[in-house]
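Chain nomenclature is as follows: A, B, C and D, assigned in order of appearance, with residue numbering initiated at 1 for each chain independently.
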């Protein structure tokens, strides 16, 4: 992996935590991406809702970016237009670098927390750059006097083009109580947009991952129940943006035999055996059981390169039609 | 356990799946209870939302009841007053039998599904008998032409006395879409009532436990994600209604030593050792390690009855103050 | 459900916690079964390892039986032959009643705890009646002076016919330390028998479900980590004994369309539409969207009975070949 | 975070994925560390068992290191002494840099996979540098002809100083079948060393995280059951190496009130109120409810710095003794 930094405004900087392609994992040509807006009431950008969150998604196979956007601490007379512009530039820049950073097409998620969720929701409803899916953690959506800056109205702008949204928070959040989530979800339903909602009973505003790592030592930010939001979000993201290729499972190929069938199974079918031995005669040798039991033509060829990619695909096609 | 049947109306019957006290589990004197209203649009009472649900909570330590209430199939000219009356009688009868069935005080939950959730929500808001906590699965709350009977308005009646509520359902439910849940939760928040909400992305109306067992073979009712609602509800119920006594953990006793401390630890402290040997001299004998490592004065006395309950508690008090 | 009692020996009794077939769940014609041998060192049969365990598997869709077998408390001069005989009779009786109690063929699991696991392992290795799969919780396998009775050697009798086995326990069990599990698993491997092993770090002997419900109030028998054994066993049992039928998923039928396809999808394909309307012309009517979106020919026919079972299967065959 | 590279031998290199302290998370002064030895039969060092594993532990709060050690591909006439030396140097170098990289004392775990687990087990038993705890994934322990290099005997060297060990693998692993795990665990038990064992039923050798990300597209390396090993290991590691500080929970301080008590609670007790207002008079002001409900003296002082660290601790001591 590598870490990149990109200044995209006077007070705004993107940090990217990025996987790099490697020869071993040849089923992966692209990764989904997630851009994270930390909270802080537009006064600060919380570290706890930046790097630890990015690392959690990185570990799940995401190209993860955090945005340090403009706050009133950086620029006394800032208006909401400042971070809104930062957000637009961040989305645009990531999309421009899509190929360079091996990011899948239409696989860019945006996740915001608290005030950062306010900014994320505004971005996803006002555009022009919008994420492909949106995640909002204990979001401020409605007007609130606790924020140093106030976005243009979000609720009014929810429409059919608002991306599918995953919302989570807690019932006893005093800073952004659940009504922010409930009103947002209701509007999404009216506009026929997909969503998922989890409002847990108990948990302090700003819980981040709800684990000791992100608790600043405060026991009210440690909660194994609430911590489930992260795995719920990972599953939801996989359903929305897709999963890495598993041959014969999610790649659209259908057939009893293929170049991903174990050699032991191929040798049991006379037709498959004949085909395989024509292309890969070394398989006729008396291979040890522990090899035959797990090796497939694809894996064999990856190691031995006896067939060209074209020949290998030709074999695959023939096996699939058996 | 035992199964009981109780007719509480011409077309209404309660079934109880009930734990019975036994000598071995002397930390349990009472169980929490759950009453289940199956769905069926007031045309039928679904088996899939009755017994399998009751058994799931029974296994978690609940006294579980299902109510077969009056439907238009039983009584052509039924009105909503018929099942509403059944519901009141069911709650009343269970509370009247609280001691007989070892049910904890203020530990009666009500869980309804679909149309049964409509009935449950009406019961919890109209009373006079109301449950201590409420759970609603893919509930119909707002007016709907799909129900054979229509309750009096529920939303208008939500007030501060409405019990804490756990709501779950799916986004793509065509019969009772999430707005039923969202509006209910919003009103609870306005009235300052506790709640928890889980709206999963995908899952067919009527999913019950979302497992093959309750799927009628329909693959859209099998969904491991949605199936999480059950364990989420169990955790929520424990937080709301309490957990079975674990000595020294949730019984309010605080101290370094007690009659629940392992003998090996007690013998290491001179003061505790002296106290213990005064009351239970057999512990001075050379007990085998595997015994000393796990036995406690309480367990020993349970088996050997060498001390009266009073003497045992006296020892406990003295140990707690060391 | 119903509860049955069956005396199978002077001091031995089976209790069955049994599902009953019902019209709604027509995908279920048979249930897997599990027979439970509680522990107690052949001095008693622990309640905590009997009913609570049975109820947990019952809730997962099992026909659950517990065996109260002969102990030295019942019969002072008992030998291991007494409970061994009880075990044989129990397995035989359950198999004899297979059809009466809707138990699937070769779907009988045997689960024992502690001394009961000793008995279960002896049963599974000595026969002649053996379970189809075996589960052993903190088992005593090797010789131990803590048991009132000693089985004939188990390890020597493990052979290729020993059923697949799931083993679980804890590292700091002083009564039946993990060597009992490790030696058993090693012999299974030598004899090429399937198994699964989970030895958790910490947990008191006799933890049962490791939850407050089965803790007798002892905090060392409550352990959420160890409690995972139950769900691990449920998943393993499903892999070994199969899962309830989900149409088009695990019933062996393959095809793009079938009588389990949503009507909305069938009407989108001209060929499927023609076929369906020939058999079920009422589907041509303008059905409301919420109906078309979830109803299938199978569900429709279950409610309306417009087609005979033969005609329905004929339609299915034709749809599957499209 | 940062990524570091350190060459520690002609063919050996350490990569570190490292958290950096930051002001916000002042409860964290040190992180536990994990060193990862990938597999590859001493022919290669698998990427799939290096970086993706490191990132998974990094996200859980570990300073994660991977070691590229010497293989026969690097050095044709390599002996096991080559990677053994690399391993010793790696452990030594990490310990030497303990303070620089904020690694907790005696908090260094070693995790090896397949051949890398062989190397890890040899390191942990032969020393002189040994890890504080050991994790072995589908390890090769016994002699095997599949490895290009053979370690000195591991089993013979297991003794009381061998670190606590977490072992996992699958029953149908043809390359390193479970006997490697079982024999190792048996010796640990004999020597009275702590361990935990998870042998799942099914899963291909080399499954890494058992997720699509680390599957190279092979469906036999994707298995949600087996994937549980990672979270099981995280929980085990926390039990062995400790958890990050949560004030009043795992820091050893005991008392009803402290500088970590919510202001709303402190103001309710006359004694606590008097103390708090003496030290922090601004709390007498009419704070808004949403502030009083979550702010604590520690958090307030973190933001406002009105008290020196000494004064704050003085207040804490006084509150704790109330």
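Basically, a contact is a pair of C-beta atoms (placed from the backbone, for glycine too) under 8 Å apart; a residue touches a chain by one contact, two chains touch by 3 or more.
If you want to know which protein each chain is, UniProt gives these names: A, B, C, D = Dienelactone hydrolase family protein.
Fair warning: this is a prediction, and the values are worked out from it, not measured in the lab.
Undergrad: If you average the Cα atoms of chain B and of chain C to get two centres, how far apart are those centres in Å?
TA: The computed centroid separation for chain B versus chain C comes out at 25 Å.
Undergrad: Please tell me the distance, in whole Å, between the geometric centres of chain A and chain B computed from their C-alpha atoms.
TA: Using C-alpha averages as centres, the distance is 37 Å.
Undergrad: Can the chain contact pattern be summarised as a line, a ring, a star, a complete graph, or none of these (other)?
TA: Looks like a ring, each chain touching just two neighbours.
Undergrad: Go ahead and list every pair of chains that touch.
TA: Chains touch in the following pairs: A-B, A-D, B-C, C-D.
Undergrad: Which residues of chain C touch chain B once you look at their complex with the stated criterion?
TA: 1-3, 17, 22, 24-28, 46-48, 51-52, 55-56, 58-61, 146, 174-175, 204-205, 211-220, 222, 243-249, 260, 289-290, 293-294, 296, 298-299
Undergrad: So in the complex, which bits of chain D are touching chain C?
TA: 171, 177-179, 182-183, 185-186, 189, 194-202, 225, 232, 235-236, 239
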